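Both of the next two complexes hold subunit A, though its partner changes from subunit B to subunit C.
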Partner chain A sequence: MIEHLLILGDLLDLFTSPSRLIAVLIEGLAKASLYVMIASGLTLIFGLMDVINFAHGAFTMYGAYMAGGLILAVGAAEMGLAMVVVVFLLVMLTIFLVLALIGTVMEVSLVRRLYEYPPIFQILLTFGIAITLEEFMRMFVEFQGINNGQYRFGWETPRLETVPTALRGATDIGLIRFENIHVLEILLGVVTVVAIWTFLNRTRYGLFVRAGVEDEEMAAALGINVKQTFTVVFAIGSGIAGAAGVILMWDPLWSVSVPLALAVLLPAFVIVIVGGLGSFKGTVVASLLVGMIDAFGTWAFQTGAITFTGIDDLMIFGILVVMLILQPRGLFGVEGQGDHG
Partner chain B sequence: MLRTTGLTKRFGGITATDDVDFELDDELTSLIGPNGAGKTTFFNLLTGVLQPTEGTVEFRRNGEWTDITDADPPETAQLGIHRSFQITNVFPTSTVLENVRIAAQAHSDDSLQFWRNVNAFEEHFEEAHAILDRVGLDGKADVPAENLSHGEKRQLEVGIALAGDPDVLLLDEPNAGVSSEDVDDIKALIEDVASDHAVLLVEHNVDIVMDVSDRIVVLNQGAVPRGKQHDHHRRHAMSFLELEDVQTYYGQSHVLQGVDLEVDEGEVVALLGRNGVGKTTTIRSILQLTPPRSGDVRFRGESLVGKDTHEVAGAGIGWIPEGRRMFARLSVEENLRAAVPDATAVDEALGTAYDTFPILQERRGQRAGTLSGGQQQMLAIARGLIGDNDLLLIDEPSEGLAPQIVSDVGRALLSASEEVSILLVEQKLSLALDLANRFYVMDHGTIIDSGETADVTAEDERLRRHLSA
Partner chain C sequence: MSTDTAAPEAADEGSALAPWVGGYLRDHAIHIAVVAFFIVYPFLYDVLVGQFGLPAEMLLPRLQTMLVVLWLGLFAMSFDFISGYTGYLSFGHAAFFGIGAYTVVLGANGQLPLLPGGLSFMTLMLVSALLAVVVALLIGLVSFRLSGVYFAMITLGFAEIMYVASRNWDWLTPGQSDPSDGINTPADFNPELGVPFVDPLQVETGVFGDDAILGINFGDLLVYNENLGAIVASYFAIGAVVLVCYLAMQRIIHSPFGRVMIAIRENEERAKAIGYDTFKFKLGAFMISAFFGAVAGALLVAYRGSVNPDAAFFFLVTGFALVAAIIGGLGTLAGPFFGYIFLEGIEEFLARGGSGGGLQPFLEEFLPGGILEMTIGGDLTISGALDAFMTGHGEFYAGIIFVIFVLYVPIGILGTLRLRLGADSVATYVSRRLGGSTGTGGSGGGGKSAAAESTTAAESVTAEGGEEDAPREGGGPAEGGE
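Right, the complex of A and B next:
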């Protein structure tokens, strides 16, 4: 009873203190930005192609490791803020392209063969690729001793080595306090959403993609090369997965590690399902929802009102369970989409 | 036998012939293309009437290629390249025999010895008679050429060209102005001539082209578009769309058990039959959505089997499917945009669609899924029309529509049929018979009857017993 009153008191405190509320909202927005970057690639691939890409998290993890290696290799640790941000963005672009290429190869050589088969075939394939990629990276990391601080780049934790000082701390503007890194995350999240939205809604190719999502046969009969749009979407989705890894590398809560692959995959699936299969809008809204709930959970933990460390996961999966009970097709899902019949 | 490399002819700023690489073997090749495509200019370049701005013309004799780019018409004729003319080109007051004999004499080596008695050239007379026999004019040898019918004049022109003992014969619209009864004679003559000559034919009558050609070359704005120079198999001539013994399965279920069907250019063909006899599967087999397991589907003589559906669409086949199949979440305008293959033609295509169906312009921002059934059908038809298609496969266009709307749809299809060929699946027999020129009746996955729609009515027992349950 006492504890309940304490939580109530803290909640009252939060909502009567605008500055604290804004700080939690900003953190929620930053988390949402990361979620939307993690989940967008998955939702594109899932939505258009009905392919559940279990290797998605592995792509993010590879993106994070490759970005860490690149950033250390060019000596970003010693650069000033402006320079390091430029390098960071260039690295992100590079990683996007590299992962898009890997995605293209994977789609053309492996995934494409299985469209005609039941989904379990694709699940086994992408799951197998995920495990292979993860274990390969684990071997590489162990042999190079990267996690023991002996690697020649000296990246025991790339985050600490390469995050510019200016991005490490927090800033106070009036009563509002926010983590500097969150500004970059929110910017990247917004850019990601705008870029994908523009691609889907304002380009001819995006129109073909949306037509293909709705009715593959009709789209093909209008002369649209649906197979090719599949490859392009798979490439873009993979590229975004990799790019997400680049920013995760710098985020204090994620950072670079082999288990990042799985850590990314679970919330990504939750967001895609909560938002509704095949709906990019749904993914954005679900990212905001999950990000905000995550931020409030973190805040509740910090205030000491809740002492259970699994609160984040509990709440995220709680949303999934509630959504599956109330509206199984998600917030903006369309009947039949992603449904394998 | 005759080839051109990079052949280009410009008149001032106009490029009449644009970088044409072309080779004529010992075969019948047809040159087709719209008026003004540069076919006659191309002929004139080959025969030396015109000199090209760029490029070369070469002629093969005794296995060796000779450059004849600079040769004038008498020289090319002497080499063995003869042409018939589009504009009637006979000596009107001379007899038919004279016309041919003069040509034969002109070709012979002693043609310049004109002081000799013209009647002394016995061999030229024999030759001329043989040629007249071949072109079917032997009975008219002594008739003045001006008294011949149009078709006979064409035959005479071919005879004159043959008199020069050519290796290569260039025939420029041998059917122009010929009455329909004479067309078959001319066609037979072309085929006969092609049996021992290399022939290059310019001809507007597509049926003749499809029937006689070994190869068809398309000329457009002076150029041969990439991929438009294809071998044509004469045994499959004639048909625009042709299904031959098509067998299609869904899994183990043998749905099409040998479908043979043809649609000619400009035709509307109705495919009739009860539900579940394989009409939609026939359309899906053409589109390669459900590829046939055996048999062949040919469009303009080219097999579609094994192609991707988007390639079939790219060849000029559009689909107006059962149930309309809107992209329901896309706007009306986006549905239309997705249907235009050429990005630069989108605005023009939208204009066409909105002119034809003003209601679509009114609703252009609306999601297609929220349109009424009739409006969706209009949008589906518009999608088919603006897709740069020559053949539309239309499946149950009146299904689920109110009677008033059905007549609107009927009118839309009727005006569509003026521009494209149509294969129509339609349950409403009266509508199908109104629109179609011919019909096929399907049962159990095969065609069991076919004929002209003019010969039947919607009440006919011939149709009824296969259609009503």
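Right, the complex of A and C next:
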């Protein structure tokens, strides 16, 4: 009984103290930004191509490792904050291009062969690719001893060394208190959403993509090169996955490791499904939803109201199950999308 | 074990007993041959490795591997039972494997509410399987309102919730270590498999279990590896359970119930239109498959005596069942089992898991030292490269093989075999050849083959063209490419 009163007290405390509420909201926004970066590549690819890209998480993990290597190679740790951020953004752009290239190769050489098969075969193919990529990275990492203390190439666990000191702490401005890294995350999240929205709604290619989602055969009949559009979208989706890995590398909750691939893939699925397959708007809303709930869960854990350590993951999958029970097509899902085997 | 030996013995007496026995044996000739091979395998392995040493050890899967394949293969079969036959991808199937394993361990630790402590392993296995059936009912009631990707994702969601719980829930390990490290059965818990109430047919499984069944000591029968007796005994005991489960599932597939499952896969709308309540059939199939999935999990505990979240509820447990099912042939019941043998065999060959076996020791033995010490680049020698790429990274090769199968052999080993032989199943083909006539003859073969023939045709269509799916998709975006 007393425990329950305490929880109630904590809740009251949260909602009566604006500074604490704002802190939780900022954290939720930061989490949502990460989620939207993780999930939007997946949703782009699925929306147009009906391909659930299981290798998505592996791309993110590759992006994180490569970014770590690059940043260390440049020696960013010794630079000033402004310089580090510039280097960071350049690295992110590079990783985007590299992963987009890898995605292009994969689409042209492998995924393309299976478009006339039932969708399950594309799931299977990308799943096989994901296993191979992850294990290859594990081989490489163990071989280089990156996580074991022997550094052949001077690669260290990239996160800790490369995060500039200015981004490590927290800042207080009046009532507001936030982790510095969260500012960068929120900015990048907003940029990602705006960029993808602009691409889809303000560019010629985006028009092709939307036409393809709407009715692929009709789009092809009107002279749109659907095949090429598929390749471009797959490349962009893969690139975004890699770029997301770059920021995950700096976030203390994620950091870089081989299991990052799976740790990214599953929440990304959840967000895409909760938002509704193929709907970018849905993905953004679902990211906000999951991010906020995640932040409140973390807060509840910190106050001691909940003592279960796996609360984050539990809630993410709880949201998935509850959403599918209440709203089987997700928030903004289209009837018929993703129903077939 | 009793089933294993009974079959070949009966073969000799077949003609004297009754006419139907001959027909029955003919229908199951391939099953008998396969079971016979599995019975002989430990002794074959023993003799070949003893005689030829390293080359044989390189090529043949170790007995420990074959033992692991038994329960993993059973799990893959139970996964195929629902996914391959009804077309509903049960992506969280590991939930049932985990329930099977965890229930047995918790029961052995006396932690299950409402149950007395000190129950025998067989009882616990049954309890765990029934619990899995109940959980499958609950999950199914919610999930079968969805289809396609949504169904796959909601089952995955349930399994992941269980995975998170199994990693973090302190109740699982009272006063012990971190639950994510797994739980052990108590030291005095001796899992006994066998025919209930027949004492001589009880086998204590595990590395330190019995090494004799019916007074036959396997340690004595093995010429070169006497110390493997307990493993062989466990192999037979667990193999017998797997065989019984396989036959039960096969029986269900060939029953009218199984026909409806296939009808649901081929065209659910049509099955509904004919008047079948497909929801109930899907739910029933899901519960049956959960039952066998949990038995597979319990068998894991029977041998290992412990369980951890990553070996039970983890997403990749389902993932590799899926890989095995595709390699062996989705929608062929025995296929996933052979798929697992193939997968584990290749993994062991290219990336030995534990001790011994595989290509690497062979190369290190037979390649001259000069080549081994040659440097490839930097300070990396060939033997160093062998160490880095051929020890313990089986998933890398499994992934590559899987991709090749998806691209070039999408209907899997058994599926391709069926297509080549032009029969609804390899078993029917063999029995037809043995029978010498064009009809299936024997007992109960006639109606069976006609119904199943269409399955093969449909399978090849699904795998090769996807035309069968076109009307269902209603002009969705899936019809891409050429």
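Rule of thumb we're sticking to: the second predicted complex is superposed on the first by the 332 of 341 C-alpha atoms of A that agree within 3 Å, B and C clash if a C-alpha of one lies under 4 Å from a C-alpha of the other, contacts with A are read in each partner's own complex, and residues count from 1 in each chain.
In the analysis below, a contact is a pair of C-beta atoms (placed from the backbone, for glycine too) under 8 Å apart; a residue touches a chain by one contact, two chains touch by 3 or more.
Since we're looking at a predicted model, the values are computed, not measured.
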{"item": "First (subunit B), second (subunit C), both or neither touched by A:D50", "value": "second"}
{"item": "Touched partner set for A:M139, first subunit B, second subunit C, both or neither", "value": "second"}
{"item": "Which superposed partner A:L101 touches (first subunit B, second subunit C, both, neither)", "value": "neither"}
{"item": "Subunit B versus subunit C as contact partner of A:L124, first or second or both or neither", "value": "second"}
{"item": "Touching partner for A:E217 - first (subunit B), second (subunit C), both, neither", "value": "both"}
{"item": "Partner chain in contact with A:N225 - subunit B first, subunit C second, else both or neither", "value": "first"}
{"item": "A:L266 touches, of subunit B and subunit C: first, second, both or neither?", "value": "second"}
{"item": "Subunit A residues touched - subunit C or subunit B, whichever exceeds", "value": "C"}
{"item": "First, second, both or neither for A:F208, with subunit B first and subunit C second", "value": "first"}
{"item": "Intersection of the subunit A residues that touch subunit B with those that touch subunit C", "value": "215, 217, 226-227"}
{"item": "Contacting residues of subunit A [partner subunit B, same complex]", "value": "204, 207-208, 210-211, 214-215, 217-227, 334"}
{"item": "List of subunit B residues in touch with subunit A within their complex", "value": "287, 289, 308-310, 312-314, 318-319, 321, 325, 327-330, 334, 337-339, 341, 343, 383, 387"}
{"item": "Partner subunit C, residues of subunit A touching it in the complex", "value": "48-50, 52, 110, 112-121, 124-125, 127-136, 138-139, 142-143, 212-213, 215-217, 226-227, 230, 262, 266, 269-270, 273, 277, 308-310, 313-314, 317-318, 320-321, 324-325, 328-329, 336-341"}
{"item": "Interface residues, subunit C side, partner subunit A - complex", "value": "87-89, 142-143, 145-150, 153-154, 156-158, 160-161, 164-165, 167-169, 315-316, 319, 322-323, 326, 388-389, 393, 395-396, 398-400, 402-403, 406-407, 410, 462-463, 465-466, 469, 472-482"}
